[in-house]
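Labels for the chains are A, B, C, D, E and F, by order of writing; each one numbers its residues from 1.
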């Protein structure tokens, strides 16, 4: 299920070409109870995405006829190289966690017709079991698959009306400039040395949903931005294919 | 890796004999970075146990020459049948979470020689990925295996002095009275209907570390307590064997 | 109102026999406003138990026809030898507090017919004014008396229908192994040196509600557990008598 | 230990003259462990004041050679007519609690020579066991007695150098205008109907430490303010006498 | 818009007479959206007061026919000489903040007829942009002006019935004893050296709403208290004039 | 101080050309005490930026020889059309606040040589007094000016070594697609209807520091992204000029 390489000259630490994804794997139905669930892996990065369907919407949305999709992202304390304290014990959710949760939610809402969803809520929990770079992009990419399974479940149950609820698919990938070279899908070791780091969320039909680029060490130039966007567009197109293939298979246990 | 059955008359919902464990599985080395890690499964209950080793001890223990072992337990929001709110977002850790974290910590400290550990700390994170009853007993049983691997790692690294650090092993199991019959290792469906529910923590050499029995529906009699303790002693003896077998195998990737 | 001694050989630090309770005292009606209130003393341990009756139940229980009983335990900052920080100022309730509050609530719910209570709520506040070991068992034992007074008040007011609401009484005591000898009702000085510590909650008719035993220094054997249970059963039988005697007296000020 | 009445015309609900205190009682040594402790009663208002002595001062005061005195005030949930939620469970301390804690601390610091105290800290915990108006003034008046006992303890132990540490005594009383008439030491029933409510803190030698007057229903005039201050000065002089008498007695158990 | 001086002998650090206010300035309509807003300046102290009108009242007041006025006070982190941490980041509101918010609310409620306001709520936000002593008194004085504008807005909109809603005006000033001399309207440099510090809230017609005096260094005498009250009464009378003048001008942008 | 317009066809609600900034104003030295302070206005958006210089760095950075720059963003409750609750009272900082604070900090760190700053910390507080769209971009643009003043202050004081500390300037602007047309510097009314919304942070020499684009209603195309970037580059170039002009003027009061 790995992507294919291309004609680039300098190989990366893990032997990949600059425009090559890590091995990507979707294990659907990883949880018995969630209406949709996927263990998504981008190399050693593993994120468990669970979609929980409930009838009804938050108070501020009642009577609108429209549904709601939201997401929560978190990392297990030892998903990283060194252990981090739990946010539950610190009593507050950190800025990075907030930021990524909001990003995942916006990305999924870009491809769902909340009117067609009806007054139902789907919460996507994206819990990072192991982190090796790209956890937010893996989370978005996996959460879409879990969302698709939850919508299918809702329609099979009659809780969601028949018809198109998901107007497109959505996938995300990180790109960055490492050692002067634009590269795709950075593992942790590249991420910490990248001069520029960008996360790009793209729909299955190629529209941009989010572009978030940050100069980590020095400001970047317009042509670098352009190259990174090219890489990201190709990478998300590949992820879109992998999502389709994963969803085309029968769901284990249903 | 399942346990064997015995001569009991009334079969349970899942076909087990009253004194039969669910299928128990230990996957060591589930995480790449943790000094010890185990995905432990008691039937459909899955708990990821990560042992994090760090040099040094909390301030109140400095200069004592002795180490410290502590544990944190948590459930993923969709580990259960219906989604629960995250404790990080609620901004406080609930009573049940606190209670179980403390229980796991006490259980492990019962079998470690903190003097032999030296001024080092090992934190056990037990995160429930899927809950089907018995999460705290699976957590204790798995955490012991992760702890053993972390101690071995510490000794291999020279961070812990050679010699016996773990004075015994420890395992835990739930027992209860369901429909009038004492049974071992209750899944969720039995747990919610049990008249009495007990969690028992026992060392490899058969000593009791914790006995926590609760009358859920009606007070229980002394002879019932005795029968439950018998079941628990036999069940933990079986778990001890399974732990030994798991630890006897080479650790994947080391 | 003290208990009588028995024929044991090794006297304890305070001169009691191993199976002897400390002086136990119930002062009913300690508060002017609470529907039930008791200052309970187990030796130097003093717990103020207040039962607050309110009509109505929490939202999740509305329409059930059944009532609710819950409890909150806390210690004053200087109830102990050295001052502890207030949980209100720390902004979070600690694990031990949570654990004991839950234990008291479960113990009382074991002897109340919530259907007979009707859709009413009784909250038991157990505030430790002075701690000398056994605060949780004193709290349970005193809270039952406060609860009984609150139920009587509710029936006298017509807020609770006539009939049996309390199906039994409940009392609790600590037992432990100190210097190799099983003893009853441990003060602080024994508690900190106990090898094994157990809290046992028993109904007036002798059924077990909770058994919580912890090996503090070394695992305990089955025969030790049996001896501790014997001591606890005898001790709670004595406490039951004392509760009855206390409740048989007229309530001061009513 | 009650105060004497005077020649006033309109009797109050409880039969007192306008310038008459409620029965005031100090029970010193109410706690076994605190370096100073007093159960102070102003009629049905009961506040447990515990003084905790510790060597050392907060970080910001280290090396100053001077000590620190601070106070914390809180109410038990059922000290009042209807139960209030615990601040520990709400996770935050309310404004009123903060305000009164600060007032008590300032009042005590007005009569202590922190240089003579040396680098030691005394914390006064004032916990309202039963509230019937005037809890903050009872707390200040009782806390002074507990503080005096803690200072004496410190000097007896050699932890505080000999000499004058307390430069004066301090007491507090509430005054208010009820039904047009200025009255002293308001119980709850008067407090809720008062047009104006004032708390006055005065030293043993008659100097003002705090004057806090609030128009509850309509603004008050200068002459009313003057009459209230006269009442308060006479009331605190009486409380000063009672404090002296209480402290003149030997401390029980020492 | 400054106040005039008087015949006093010892000039203050900023050249003012003891009974002279700092330059006081009201800039109404400082915010485009708030129903009432004033930037009030007492010398270098600048407080932005915003009055927010909303229909409806808090739950506990529903159906009463009466409205509600409340206030919140806060300081920007760098309003002071040295930066303070944000209360939002500390996760809790400090005692001083609570205390002042409550004081402002009480002061404004003393001059509003909540029945005439109808079931509407006005929240006064008083944010200190720069602090140079007297922030709470500036806040009260400015908040009254913002409140008056919000009430006028409500009546112009028809959201408040015609008629008298504000029964009086209200203003506040600080007074204190500095170097033995009673002075009016203390800037920070005087505030930190004052022996006694008092905040006085007075209505336009001269009634006292709040009197809060604190001995900062040594207890104060009755005659000092009297002198401080005289100064405060004269000072608030002057502030009342300045409020009237400010409100007499047309509101910019309306 | 406004920017000049250009030859575009469809005028905007406020009459600006698509590539025209709102009136931008910097008021330096708005606070008396902060080492740098600016009230920055982008049209009706007003942000008070205060730079606080302190010697020393956070613990994790000690001994590195390098300094630290961080930022905190917040909105006053009534800066917006309808009042928002204070984060201090909610007890937690929201995700949006966290996100923007982090963005401002990263943007400023992109142009400061932390080695040249020495072991000193500069905190930038950006408090939104009035919000009309573009608060985060105004905050970054203003914070740079405050930072420059604080660095100058530090060098004048000798607290920072002479030499180049700021390696470049930095400014930010929002761009978006409104009614199909790319526009620069969106006020609130445009912001809420924008199909795509992007914030771009650019250095004085034209390098990108951050690019954050979000599809609000439908995914955007590559050519739209390119047009938005062109607008942002021209807009930040204009802001850079305005920053230079503002900093070229003498600082009031120094």
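By definition in this document, a residue touches a chain if its C-beta (ideal position, glycine included) is under 8 Å from a C-beta of that chain, and two chains touch if they have at least 3 such contacts.
None of these values were measured; they are calculated from a predicted model.
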{"item": "Partner chains that chain A and chain E have in common", "value": "F"}
{"item": "Steps needed, at minimum, to go from chain B to chain D via contacts", "value": "2"}
{"item": "Duplicate of the A-F contact set - from D-E, C-D or E-F, the pair where over half of the pairs recur", "value": "D-E"}
{"item": "Same-residue or different-residue interface between chain D and chain E, half as cut-off", "value": "same"}
{"item": "Chain C and chain F, separation of their C-alpha mean positions in angstrom", "value": "60"}
{"item": "Inter-chain centre distance, chain B versus chain F - centres from mean C-alpha coordinates, in Å", "value": "52"}
{"item": "Per-residue multi-chain contacts in chain D, two or more chains", "value": "91-93"}
{"item": "Category of the chain touch graph - line, ring, star, complete, other", "value": "ring"}
{"item": "Chains listed in ring sequence, where chain C comes first and chain D follows it", "value": "C, D, E, F, A, B"}
{"item": "Chain F contact footprint on chain A (complex, rising order)", "value": "92-96, 98-99, 101-102, 106, 110, 168, 198, 202-203, 205, 207-215, 218-222, 225, 229, 233"}
{"item": "Residues of chain B defined as touching chain A within the complex", "value": "31-34, 37, 44, 48, 50, 52, 54, 72, 74, 76-83, 86-93, 97, 123, 125, 127, 129-130, 132"}
